[in-house]
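Take a look at these structures.
Same chain, two partners: subunit A is paired with subunit B first, then with subunit C.
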Partner chain A sequence: MPSSSSLPKLSLLSTLTPSSPSRAWLTAPHPTLPLLATCSSDKSVRIYSLTSFTLLSTITGGHKRSVRTCAWKPNLKGESVLATGSFDASVGIWRRYDTDDLNPKPVIAPVDFDARDENIDEYDEDEWRFAIVLDGHESEVKSVAWSTAGNLLATCSRDKSVWIWEEVGDDDYETIAVLQEHEGDVKCVAWHPEEELLASASYDDDIRLWREDIDDWGCVGVLRGHDSTVWCVQWEALTPNIYGEAEKLDVKEKWMKRREASGPRLLSCSDDLSIRVWRRNPKEKVPQSRLSIIRSGSSEEDWIEETRLPVVHSRPIYSVAWSKSGRIVSTGGDGSIVVYEERWRHSGTGTETTMLGARRDTIDGVENNGEPKADEAEPMEDVTGVNEAAEDANGRVATSSESGSGPHATNWVVVAQIEGAHGVFEVNNVAWASRKVPTGEGILEQEDLIVTTGDDGVVKVWRLEI
Partner chain B sequence: MSAILSADDLNDFISPGVACIKPVETLPKQAPKEINAYEVTTEDKIHKENAPPAQISLTDCLACSGCVTSAEAVLVSLQSHAEVLNALDSQLSFDPVDLHGNDGSHQADKKLFIASVSPQVRASLAATYGVSESETGCMLDQLLGGPQGLKSGGRYGNGFTWIVDTNAMREASLVLGADEVIESLLTPDTQGCSSNASPKRPILSSACPGWICYAEKTHPHVLPHLSRLKSPQALTGTLLKTVLSRRLNIRPDQIWHVSIMPCFDKKLEASREELTDIYWRSQPADLPSVQPVRDVDCVITAREVIMLADTRGISFPNLPRQPLASQLAFPDPTLSAFLFPKPRSPRSRVQSPEAGTSGGYLYHILQTQLSLHPNSTLISTRGRNADVVEYTITSPTSPSPIFKAARYYGFRNIQNLVRKLKPVKKSRLPGARSSAAKTGAGMDYAYVEVMACPGGCTNGGGQIKVDDVPLKPETALSQKEWLARIDEAYFSMEDDSEDDHERDTAMTDDNSSDPGDLINGISPSYVKGILEHWSASTGIELQKLVTTSYRKVESDVGKVGGGENERVVELAGKIGGGW
Partner chain C sequence: MSEVLNANPTIRNASDLPSRRRQGNGQSSKTPSGLFATTVPSSAYIPDPFLPPSSDSDESSGDDDSVEPIDEQEIYDLISPISDPEHPLTLGSLSVVNLPDIHLTPTFPEKGSASPLTTLTVLITPTITHCSLATVIGLGVRVRLEQALPPRFRVDVRIKEGTHSTAEQVNRQLGDKERVAAALENGTLLGVLRKMLEGCENLET
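Then we have the complex of A and B:
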């Protein structure tokens, strides 16, 4: 089994200590520092070190109910800003000056913000400072997300709405949009890595895309297909990364060209046990008459379901994440962690996939939902009848099927899996983090880590050994 | 908000507030017949009759923000086009001609049906059927009171005796609103105190019921800022019920008043206890057993007008486009001239686009201020979107602006308004000292016109939607284009009556007021004269008639109250409900 050795292995690197006494919802890795922020139902956010794997500080005293979500503001230097969303319907913004001695700091007693009234002016420079509370949602806040530039904050709630806030001054935020088209609890919001385009996922089974048109934010696309709650949406990195070697260079070129035209893809996971990848169908550039003063077309975007990942999970999939290196990891109610890779497709992928199927015998018999899904609207002339991979994949392979300029150019394969990652507990969230590890010659090398957060209040860090 | 409180959402997942005081399972499948469904059923009544299970009334639901959707289900059942038909079929129509010396007490078993119509509804219907705004007014009159309208069917062949344009009382509201602002400017600094005399600056308009409902539930700190004036709908309701009950010597509950509005939330307004006869009837001891009677019994929207006609098999577009042949005289000649100006086109009711689509409260206040300060100029600055506009009046004699006001439409902009009005207080959270100083700043406005709907009242939730209009594909309109068409109809009011030669003389016909004191086409002295006449003829203090009050409505959401609530919440979280 030659290819077996090339498969990554998932191994537990560390369990963060001490863990939360009650259910933990989500862990957000800091964009630049080796820090992790874990949201807990004990109304606190716990800041852990990704180097010592211990608790550094705790944000308490702000929220009156479970902290459901948090997000680090990007593009900051010298200071870290964290947005927190809670079941108490409020969003908090917190600040802390970055200190140099982050790494080996010993365990610190949780910051006691309850004593704040007495000594409101006596803050340590390296403690968390509350900046502002953003009120407006009428019910539990489920997800918060900063735009790539960091100037916009999106929040969503059980009240079925998505709000967009703009920072207009120091700790001063304005509501610039309240989007109410969803017909159910909005579970997740995520910003496009480059454009000011927001994706939201909902209990109404839909994914919606939002964009500003002149001065009004509006829905520019509805991605329908999931048969149940969409728990999570995530964007692909700006640069795609496909594993393996392409068989034909022209196929690869075509694929890359199309990917360039459509931009980063969108990833979604659902209660319907499916994980789907969505791609923008770029609008054809209609040459405009120089005389025409009418803007061509609407802001509506056409998105299609490009493919589904192999079905592995047997319970609702709560969380997915797409790494910068192109891998996808998923987790959910069944407690499994599954890692997927997108590979250049070979006409004879049979060997590999059979092997993969054998290795994952625990999940045999799972219905093959990895069938490629073609969009009727797509021109099919490029499809060249290379469909056998999907047939013999035993549920393990999903083929990027739709035509355009890259028929069946890639497929997704399961490369690693762990069951019962948090024992009998559900895993609520999975995220990619990275750390620098010294190689033999003393050079620091970036290593992808997987961080899972569970109902047991535990946060685990996993290595993907390649 | 209007977008939420729309009948379209009725199939929503209904999630009652965790701590809803009225368990859903006790909801009756159908409203019991012996209770007039348009009445607010109170707890007392239910206990007394010991009959059907508890009913969630709209008033009950307003106390709990946790279940807007279940509230709206009740709302729609209590105030709908079907309810209008039920009311018409419930009793014989009161005959104002059959009076014994202006005494209608011998007709105690009959009901007087009256209707009032807002200009935005006419604009919506006009745009839908491609007719002019004044023709639409005639068609509505024909539907509600004409022989080919509702009178052509039903158990008793009842129709509406009088159909009033709410524009009349809107003018009263404008004049009073301008005075309220002038008065608040005379008070040295109302920022600190909250005396009952006048609202805190900036005064916020209170005509939009969605905004009021939201402020009461979510932002009680803005309540002292709200204009105390009743909305045109409420003013029209109070006027009709007070005047007609006194003049005809009948009980207020013998008068059944339907209001036709662009907005679902107006149903919420109509159900406010503050807008019932207990706030103005002189001797409550006279009628000890009588339930509060609403000034407006039922509100239906433009869309429901069409349903009303359809249900009776009447084709609205085919109704005659002429005024009713005969119109019974309103029992008070002075008010008659005010409510039914001749010709149909009133003295001055041309809407200027600058006045906006929501009645022009801010516009009238600005015009009043301009008239008070000769040589002053008005500058408007657009905010970050079309629904935020700031107005500044400057005078060559003053270095700083002499008057500042703004318009905030739409939910998202309201968010920023209420945040700026938040009192500066030590935050419950640490570190707020840096930002605390900034809150409350930048609110040097004297007045802000606030409306919940983006685009204002012509875009109300009850208006006919572009999708409802059967148009050929090639003429399909976007929502924006559709709104522009309604706005056009709204602003074109009366402009189409070019052949109306009486128009120039209408002023003097109506009243002997001096045209010289016109502001924004309205004569304040004439309007004030009418209001005084109203107060004098009914023997009720004017303040009681034209003002109302607001109260904080406790919400259970997001608050850790008693242990019971918390436990329920925790439980919901444990079984995954928290997801």
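Then we have the complex of A and C:
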């Protein structure tokens, strides 16, 4: 258990080579293999190795415009499947047999470099097979996401719709829902880690939740609060992870119990410069008649804004990600990467002093990273202001949800920050990846990595040293 | 596009427009090749005082000992020659873009010179309050600036308050990076933009 004063340190591990010649939008880490897929405005997808940090192959020829998004299909063995979404309004499905799924070696043998370059194109064509194109959206596809089981694919577009596709056979997909309640571009879709519950974020400032109810997909919740485009939504892992030690065990137990009842929380980031955490307000356990087929309200879910993260970004926040170990990372137009941790709140000597302590840690964390920074006082003030805002939100939530110990049991603090992560360029996407690194006695240990993708076409991999 | 929305715009004389002509403007006014090849500006930057010294040698005013930062007049010079999409007139002469509505501010004021990021805000004044071409004009301005300025600039193009009936909607679109990027891959729109930017100088260094 890390004490509240131990701060992770963010440092650059590698810059993947070669990079895209133009803006790269997003990098998706493979669910099991040390592979990364990077979507680029040059209409291609680059597959990089997370062990050698070099380009393994390039998927080209499928899309006529920028590839905006991609997602790896989960739960596969022996084969990898990648879904791509493009500004050309189409979604592509690509397949490739894994060369060695247990101990992935660099796919390209360590031959001399000239020979390797010549081989790449030929190699690609054998490697990545274009399986099928999913047509239906009327304009740019912005995001694609596979359900946890892998049988459903959600896609969304500037045409304001969310489509859900089901794989009904080999390379055979059926449209099972076209959801059109959003009033603006749908920027992002994300599946709940356990339930068949989909979250979508939109240009209309709303987040919507969708699920199937008696054979029909429909909207079961609208999360309102953001003041501008919601760029990204992401789910918490099944098991929460709160850092530090709880002061009172009963508070901790109460919090954990409530978290268990509401399930994984939802994370969102916006053009309004805020990052928010949303929580399901679990329904009272009413003995429900299974025979009840009255649909109105039966599947409606009540979601509330639990808290806001400290405001650090000064330009639109394009991407957030929640790691399995409970940390959140964010990035955006200001080019900063910010890592946050949720900690048990210490309230014994008054909230304000402990909060200040946390803030101090934050600043120290930045210092420890050796990042250039001009002024200490200003960021301090920013964070202060933000935490006050978070307090307000907490207060409001607490009164509305009537679960006093809940929101106040934890608070979010900035634990690491890098400015100018891609030089002067904007950063479009951030994701968590993990790799196994040998520790002292040859034991492999999981290490969290942060992957960022920028307007410079570059993908960078960062280590979070705990 | 067939119907002219504003048949009688107010036009300013070229000699009335704010200027601080620099030497060396004799370059042809052809559009740089590959202007829209990518959505990320790559080669046609103005010499940037924040860049490492290697690129300094091209600064046109050779006898300066100190490099001048890019100022509002320079920004104005970049966007005033853009043609209106429906008149053979420039945005400068139509007073769609105006020098006092161009603002350069450090993106991180508290960091001083430690951060080179600069926020550029350009407020445009559409010729009529319901001009449906406001988005296209704004897009032209944003594209021109992103193409000509170094990537450390964060370009915000907005409709000047009170000058347009659907300003908020237009501002949202112009501020949405993803929409702007996608618009630049739209052939029809690209044709319109290319025509608007025809009169702009090639800023090759």
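Structure notes:
Going forward, the second predicted complex is superposed on the first by the 367 of 466 C-alpha atoms of A that agree within 3 Å, B and C clash if a C-alpha of one lies under 4 Å from a C-alpha of the other, contacts with A are read in each partner's own complex, and residues count from 1 in each chain.
Please note the rule applied: a residue touches a chain if its C-beta (ideal position, glycine included) is under 8 Å from a C-beta of that chain, and two chains touch if they have at least 3 such contacts.
Every value quoted in this text rests on a predicted model; they were computed, and no experiment measured them.
Of the two partner chains placed around the shared chain by superposition, subunit C is the only one that A:V424 touches, whereas subunit B remains out of contact. With both structures placed on the common chain, the touch criterion links A:Y243 to neither subunit B nor subunit C.
With both structures placed on the common chain, the touch criterion links A:S41 to subunit B and to subunit C.
Residue contacts after overlaying the shared chain place A:D216 against subunit B, while subunit C stays out of touching range. Judged by the touch definition given at the top, the superposed model places A:F53 against neither subunit B nor subunit C. In the superposition on chain A, contact of A:S66 is made with both subunit B and subunit C.
By the touch criterion stated above, A:G457 is placed in contact with subunit C alone, subunit B being left untouched.
Looking at subunit A, you'll find residues 23, 41, 65-66, 68, 87, 139-140, 187, 203, 318 touch subunit B in one structure and subunit C in the other.
Residues of subunit B touching subunit A in their complex: 3-4, 12-13, 65, 218, 384-386, 411-413, 415-416, 419, 426-427, 429-435, 438, 454, 557-560, 569, 573, 578-579. The part of subunit C that touches subunit A in the complex is made up of residues 38-40, 42, 107-108, 110-117, 150-152, 154, 172, 175-179, 181-182, 185. Contact residues of subunit A toward subunit B in the complex are 23, 41, 61-62, 64-66, 68, 87-90, 92, 95, 113, 116-117, 120-121, 123, 129-133, 135-136, 138-140, 163, 169-172, 174-178, 180, 183-184, 187, 203, 215-216, 318. Touching subunit C in their complex are the following residues of subunit A: 21-23, 41-42, 65-66, 68, 87, 139-140, 142, 158, 185, 187, 203, 228-229, 271, 314-316, 318, 333-335, 372-375, 378-379, 419-420, 423-426, 455-457.
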